[in-house]
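Please see the structure below; I have some questions.
Each chain carries a letter (A, B, C, D, E and F) given by its place in the written order, and its residues are counted from 1.
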Amino acid sequence: MSKKVQEFNEYRSKMNEKILSSDNKVIKRIFNLDTNAYAEGHLSVKTKELLGLVASAVLRCDDCIAYHLDTAYKSGVTKEEMMETMSIATLVGGTIVIPHLRRAVEFWEALEEETPN
Amino acid sequence: MSKKVQEFNEYRSKMNEKILSSDNKVIKRIFNLDTNAYAEGHLSVKTKELLGLVASAVLRCDDCIAYHLDTAYKSGVTKEEMMETMSIATLVGGTIVIPHLRRAVEFWEALEEETPN
Amino acid sequence: MSKKVQEFNEYRSKMNEKILSSDNKVIKRIFNLDTNAYAEGHLSVKTKELLGLVASAVLRCDDCIAYHLDTAYKSGVTKEEMMETMSIATLVGGTIVIPHLRRAVEFWEALEEETPN
Amino acid sequence: MSKKVQEFNEYRSKMNEKILSSDNKVIKRIFNLDTNAYAEGHLSVKTKELLGLVASAVLRCDDCIAYHLDTAYKSGVTKEEMMETMSIATLVGGTIVIPHLRRAVEFWEALEEETPN
Amino acid sequence: MSKKVQEFNEYRSKMNEKILSSDNKVIKRIFNLDTNAYAEGHLSVKTKELLGLVASAVLRCDDCIAYHLDTAYKSGVTKEEMMETMSIATLVGGTIVIPHLRRAVEFWEALEEETPN
Amino acid sequence: MSKKVQEFNEYRSKMNEKILSSDNKVIKRIFNLDTNAYAEGHLSVKTKELLGLVASAVLRCDDCIAYHLDTAYKSGVTKEEMMETMSIATLVGGTIVIPHLRRAVEFWEALEEETPN
């Protein structure tokens, strides 16, 4: 597995476990909601992942972008679709999104190396 | 035409005209890009409008939300799809998105009154 | 009741009802969480309301500020405590918070007129 | 005086007075700093006003934009310079800045009507 | 001392010193205000630290979060109170706050290792 | 060349090349606009670089700040002018800008080491 992707996933899992082992119900429910919100509904999983990606990109959250790139890649999103999504993020959110676009393209390459389509 | 929708469109058109009549090339090109970015591509117009909507919602820009609700409505997005998009925005962007969700639902109703599907 | 406070509450209630009458579970659960998060816990209701207020202020959400001013006022927060909370918001969030501080002070006066302590 | 400009200035003055009459030292000092920061220094007043304008624009604070348009106009900034500043804001901050650009152009016209250069 | 906490504090001190040795009065005064704003007042130091923490969390500033975790820990805030504060931040600011919550929990553990309560 | 500056520039160039080799026209045009917007116009290159710097600073984008520090340094901006620009950013954007100010001062020193004026 690509070191970049693996490190990201391991840190994420380790800390999520610690957070969920605390007694805080509000945080637990937000984590649960996160799973529900991206499930198949009136919109497809793929569309929802792209919605999560563009929201993460304009809010400039690298870890959130990486997470949605990962799930988008697994749900069959192509590089062209990902780039089109990121182009809307860059237009709406401005050139301050570009550094996150650079890291997104780098992470996407790591995903491609890890599991070639 | 619904007064709410009409007023929004008239102000928007009037001011866009003034802005584009200035000699500023950078602004003119950004306005042009806005048209290109939402055109049919690897992703459908409908998906792109939802991407524009969710980006506008998490960045909490009422006028941008109204604009994308209008174009989304015209490209056949259903109320359920719009609400699902806004639910992702509210989850990713937090409860501060809720006041914008209220105004979005109000604007959507104005669109429905104006042109029943 | 102060017209300002009444109008705010009426619009809020009317739109919340419409939103909650839709079939969107994610949004319903976020609304529920909002109630739970500010309930007495390891921290008092009053402290939590001030946390909600400062978060709303630095994120510059007027409706969220108004909502937390209302509940803070009802849970016995004094004007001095409210101003101290807003001063931290203005320092952390910068002078762009000042226009929201102006409207917060105006809304607080409306609350004082409505129900003198 | 243009009604738009006058109303803005009156509300601003009235609320600032109320805020400064409270006993909160932190807020008072931030208000003082605001005056100092835009005074002639290594950079000219005009350049500083444009810096304040672009910062207000990318942070999408209409009242802050109006304030800096007013002071920029009075310190001799031309419409072309203002538009160039706003074009950088729109590029860096994205198309979500456009609704604020519309209102900025409208406010600038009100300033021009009030005191023709 | 925990390496994580030590490195953070050393870099912070070194750079603050450089910044304060420049001739910029506005920056110096903002640094001073920062000390005043969190001093005992109408609200307790502990409450103010939690206000600083939640503001830093919703604005997603890791260094600011670390700083307030450090001072909150020293003023006797418990882990449960910290988590409750962060749960309000995550609800108000949305799931984009979660990556910062992960790093906050990690930093808190470093503080606990350094000086067990 | 300073390692810090060199690494920043190399990563930036490498990723920009990858991004521009994709078929996405919207992104390409935004990259082009970025060049045009900072060219001599009604405002000087130096003023425009400072506008780009303050916008990047209040939006808290470290890579954007580094980029504008680099171009500002090359266009003859002095340390005092840079600090005055950053002081406006810190006032308008709040104390959450301070961590970025620390890294900006560090990057500026790397630029000074690399090419003494």
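As a convention for this text, a contact is a pair of C-beta atoms (placed from the backbone, for glycine too) under 8 Å apart; a residue touches a chain by one contact, two chains touch by 3 or more.
Everything numeric here is computed off the predicted structure, so don't read it as measured data.
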{"item": "Identified repeat of the C-E interface (over half of residue pairs identical), from A-B, B-F or D-E", "value": "A-B"}
{"item": "Between A-D and A-E, the pair with more C-beta contacts", "value": "A-E"}
{"item": "Distance between chain centroids, defined by C-alpha means - subunit A, subunit C (Å)", "value": "31"}
{"item": "Between subunit F and subunit A, distance of the C-alpha-averaged centres to the nearest whole Å", "value": "27"}
{"item": "Interchain centroid distance [CA atoms averaged], subunit D/subunit F, Å", "value": "24"}
{"item": "Centroid distance [mean C-alpha coordinates] between subunit F and subunit C, Å", "value": "37"}
{"item": "Residue list for subunit E, restricted to those that touch at least two other chains", "value": "26, 30, 33-34, 37, 56, 58-59, 64, 80, 84, 87-88, 90-96"}
{"item": "Subunit A-facing residues of subunit E, complex", "value": "60, 79-80, 83-84, 86-88, 90-91, 94-96, 98-99, 101-103, 105-106, 109"}
{"item": "Contact footprint of subunit D on subunit A as seen in their complex", "value": "58, 90-97"}
{"item": "Footprint of subunit E on subunit C - complex, ascending", "value": "30, 33-34, 37-38, 41-43, 47-48, 50-52, 54-59, 64, 78, 80-81, 84-85, 87-89, 91-93"}
{"item": "Interface residues, subunit A side, partner subunit C - complex", "value": "25-26, 29-30, 33, 36-37"}
{"item": "Contact set on subunit E toward subunit F in their complex", "value": "11-12, 15-16, 18-19, 22-24, 26-27, 30-31, 34, 56, 59, 61-64"}
